[in-house]
């Protein structure tokens, strides 16, 4: 049993746009894992649907040789996150493991962080979420149901990271690469998404991050996102 | 001995004051009561005022307090901010500026209240003000009373009242 | 039978506890349906983990089901007022409605990991007081964030908000 | 401090008296039952299961944790700690899902805890199609059902119609034996999304029984002709995984994908080159490519002469005109096919046209030309079923409307004919007796006289032979969650019915199915019982299996012909292409809220599907994105919001199938429009499959305001930069 | 040099103090009406707390809308009071005398309303005390790097400074009033007048204090509205993150402040019959100031929009385009007309500048400035960088009720103030009776 790893993890993700088919299995998996509130036709029309990860479409060219690029967008857990300095109560901050944590019970709901996020990946609980009985039985006990008036966003499934870390600690070993997988990465049929520790150069995500095809979304804003998109095509 | 005289016009008051000053009475023995601020020629009744000093003092005090407060919270008040810096340069600047200004305002107001003796007023009760007249009061030893009375009459005082200080 | 948070409506008196919790309130004796004597059981050689079985594996410490109590109480120690009540519950196949003594407010959204603390060799009494001397468990130690943090600081444990609120 | 306490503070503060911990209001303590089996709070268990949402039969693992449920026992509110399913994920050991799952698989958990699930047997009170029922007990329900079946058997067993899903499982075996016991014809499907055309074509071209397996992960050039394999054709997760591997799985090699479909589908958007073929032009395209292969001697030398002459005699010019693609593009595709090392042609009909069978046959034949049968990266035969009995009992498509006309008794098991072929609604209304085993009151079971509700798929035992699997597979699941309501598994109900009718019926549990498998491999297990336990724990049994890759072509190439369309070109100028949406399939997934609010892969629309129109047609009738339009076809008209799809083929209007249910739970009822209502009731002659793509429509603009709810609509960007 | 000899006729004092003694029935009708609307606003807020922010029109990506626009608007209005009275006091402008107290009163009341609005826009307002750095057992602290907390400190300081700036010159008046009123008003005035006896020492101290306070309040006022502007400028939202937001907001603040002042002066003049005290001269000067600020405002607006139009950065340009050509165009162009074209037409020609026209311009400017704040907040948010997250916002009755209630609260506070305290400082006025 190797001794426990000393260097803290720095979680990151690589999404291979050449593999992504835009089938939105990740969107459904995220709903299943993180107790996202159900939207209704009315609340969706008012722009209040919750999708912590969404697939953006960028069309290039015109019919007949038109192409579309699918772009899964989720919280990029930026190292220089614009949403962190503006929160007046430290409800969102950057923890040692490189995650941009949203502390639900600390948030007072000024929503400044959502304005400042260039990726528009933050969602606000305008109402108390409600699930008609017996759908509440499906709620994941590892994840808190956010009350009304609180901001929420993708957490890289911090509950799965926490559970894996506790298991590794119990067996006093370090986390293996690929042992922790957020719900979206786990469910992606085309295996386009890879999650891992960027501090560990041997991990698959680090190798993909250094590959020639890797770029980062709106990197010029200086947010230093931690999701690497691998270019589509040759 | 306290002498109070009532004057109907601003000029007579000014004449009386200049006469008293000519007689060599010091400025802080003389006090003028009126419903409206009377403009006196320069140096006639100069009142040393420390309000601007108080303002600067207030600003300095609140400035040091704020920075001390910030360093105290930064270093030994163990705050849980998830490793985020508690304070950054610019933000401290803005917040300190505001609190310094608050300190200055506090300084000014406190100095005003103290100098105007608006909170605690000892000594003889002020004369009952009338709408359109001013009262001049002077505190002088017994022997110089006649000289003061003469100055008042020359300036045209209406009625002069003598009181003994009731300590 | 541990968490009954979802049906725990916020009545006025609970709010009173909430406020008095902020003040230095003495130990509030929780009124339990059965006067369970911890001291007697410990005296018999039982250890905490024998009834709270999942304390070293899961986040929740777990409370024994009435079935476990009946393992012994159906064979010996069948007398005594408490045991009679226990038999009633067991016959109706109903769990004993234990009153929660230690609880973080639901709004605090704290995920307390018993297991992690047991692995870190934290004694039960640091947080729950001398339960083996008590009959019914009393609120001996007020679980405030300040107390948790100071202890975490002493032992150089994590201060990451996501450690408890995630 | 919580919001309600804030109000209380204001209340009490104004009341002046904040008393703290006194006035111990008697809190009503709800008793808690002792759970049957030990459930540890916070611990998670993973149980293998199988996903029944579509025919693919992906193996899944299900996360079970503790949850608390309030029920009434007698006259008392009682709480019980039950094992509840929290999430479904792919079973890493299963060759079909490989640990992955599509959106429908993930959302299946909502079907288990759906608020509108039927909670006990129901008897119809209102008129047919109204959907008003009253609860009855199981005994009386079974009595009524038995009498209905007896009456139908006495009259004419041949006129009993049993509609079920196209699946080879222990249930299909039970249904088959039940119908055999009654002397009734075998079960059939609704004819929508059951891929009968692909099966028939494989039979004709290769002589294989079942769907061919395309080894695209080893291919370096894939031409998919009409098969939207990434978007809901046959086995989306299986082919998506292989597509991912084809693209970036092999260091240094990147497979090319060319997709030909009459719509910019998901496969079209992931392809390197999309061939916008005219609706019904797939046959022409296949024959044209075959012609170029043969005449440009790119095909294999030892191709059967009949086949070679067949392709050689194709009228290339006319084929090019019918396909609507430039000739040079067809030649280029043929050249790529000929020159690439391991090409493969995936033939399918996601959108069924009247000539789809011929098109699939011609496209499959291209594989013969290129000699790709059984070779690496080519097409391999379907593995012979692990349990023959299951495979034989698979329901086949037969002309639904003709069968229903003379139906004496209609039995519905997870089939929704009224939605799949709306024309069948009239026939159902006339049917003497209808019994439904559906778990929800959907469009068809609203017509049923009696509903004997089935368990939710996650509550019932299931053993499934997946449609498309590389090795011999049998995926199974033990029930590991207590049924929530007073429902019974359909197999068990059929067994009880047959018992009442005096005919014994043997139902296979997963245990028995795995024991049958044991015969095949005695090697490393001592007895069948232990082997079955192992399979149950694993979630199924999968073995490598070699198989004879010979193909005995005994067919002659179909003639080039255009597809017929209902509606004249003058009065109905636009082609109408309804297509099975990835998230709703044939409409059976519409009742799940997660799928309703899932942004549609094509238009990112939520809670309602738009009709996709190309920018030129839209601007011609002055239509802006999101406005309501009415589509009129010879068979009816529907209204839906318009989505100006930048990549739609001019003159071809497409709409996803899934919305427009009259009854299907609170999330799907009266939501959106069902495109199949205006699809012409044409069927494919040989297979009886519903040719829902063979319709022409006319479009009228309705309202001005934007009624389309899109989550992330990007097509506005081009307008932005025009200025 | 005014001499005490020409004791001004008692009419001046009686007229200025007439509203304090009795209040007509029309006054009470107005007060109750305003109170009803304010109650409606509070009820709407209560309903929003109970139900959640969803009942307002907020959505993703427009997370800030009416309440934040109102907040900037009311903090803007508050600047006119102090700025004008402070500047005029520092420059010894004679004509300021009757204007200062009314202006200071506007400041204090507008600030009160402006300070409540951030509470209304909070998602969980019952936890607002977490924004205040109070020592707590949980060792938690507000994040002073957030512009929202700069707002908190700035508005807190500004509220205290401007209330004191209003209160100090009130003391002499209250001392005189104490002798002339009866009952509870007497006790109130005596309490507030502290130990004022009219000694020249006190006059001298008051004079010195007000001079210094004017300078400090001026500095605070400018800093407050810059900080409010930095709420937006610090964010990297396109068309928020621009360097001229600080001065642009300060100019906007003075501009809308003067307009508010003109409206208040006009209404005081009409309802309290202060025609002889608020003479056309005052309105003429205020009109000139309004024109000056209008020009400054259009200068800043053009500066901002021209640079964005010329640069054509895609992110900024999409917001610009929606503002100039797109769905926000009607608001933008009506704003430009209301804020620049109307004042410029009416005020630049001397002959046209009368009390009526200045008031009309003031009303249009106020409306225009509210639209400007609404545009800045909502337009930039509705077009974030990613086109996939664009979204159109539309208010609901809750926001409209609360915005209306904020205007009516201002009138209600002003009605009560005019009833309790003299709107024009008697001692200040007589000091220059013939100036």
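Order as written gives the chain letters A, B, C, D and E; numbering starts at 1 within each chain.
Throughout what follows, a residue touches a chain if its C-beta (ideal position, glycine included) is under 8 Å from a C-beta of that chain, and two chains touch if they have at least 3 such contacts.
Because the structure is predicted, anything quoted here is derived from the model rather than measured.
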{"item": "Contact-richer chain pair [A-D vs A-C]", "value": "A-D"}
{"item": "Centroid comparison with chain A (C-alpha atoms), farthest chain", "value": "B"}
{"item": "Geometric centre: closest chain by C-alpha means", "value": "A"}
{"item": "Furthest chain, CA centroid comparison against chain C", "value": "B"}
{"item": "Intercentroid distance (Cα basis), chain E paired with chain B, Å", "value": "31"}
{"item": "Whole-Å separation of chain centres (CA-atom averages), chain C against chain E", "value": "56"}
{"item": "Distance from the mean Cα position of chain B to that of chain A, given in whole angstrom", "value": "64"}
{"item": "Inter-chain centre distance, chain A versus chain E - centres from mean C-alpha coordinates, in Å", "value": "43"}
{"item": "Junction residues of chain A - those touching two or more other chains", "value": "54, 56-57, 85, 90, 93, 95-96, 101, 106, 147-149"}
{"item": "Junction residues of chain B - those touching two or more other chains", "value": "78, 80-84, 88"}
{"item": "Multi-partner residues of chain E (each touching 2 or more other chains)", "value": "124, 127, 138-141, 143, 145-146, 149, 386, 388-389"}
{"item": "Parts of chain E lying in touch with chain D, wherever the complex brings them together", "value": "49-50, 124, 126-127, 314, 318, 321, 325, 386-390"}
{"item": "Residue ranges of chain D touching chain C (in the complex, touch as defined)", "value": "1-2, 4-5, 8-9, 12, 18-25, 27, 29-35, 38, 40-43, 68, 70, 79, 81"}
{"item": "Sites on chain B touched by chain E in the complex", "value": "7-11, 13, 31-40, 45, 47, 49, 51-52, 55, 70, 73, 77-81, 84-88, 91-92, 94-95, 97-99, 101-102, 104-105, 108-109, 111-113, 115-121, 126, 129, 131-134"}
{"item": "Residues on chain C engaged by chain E in the complex (per definition of touch)", "value": "144-147, 149"}
{"item": "Residues of chain C that touch chain D when the two form their complex", "value": "1-4, 6-7, 9-13, 15-20, 25, 28, 54, 57-60, 62, 65-67, 92-95, 97, 105-107"}
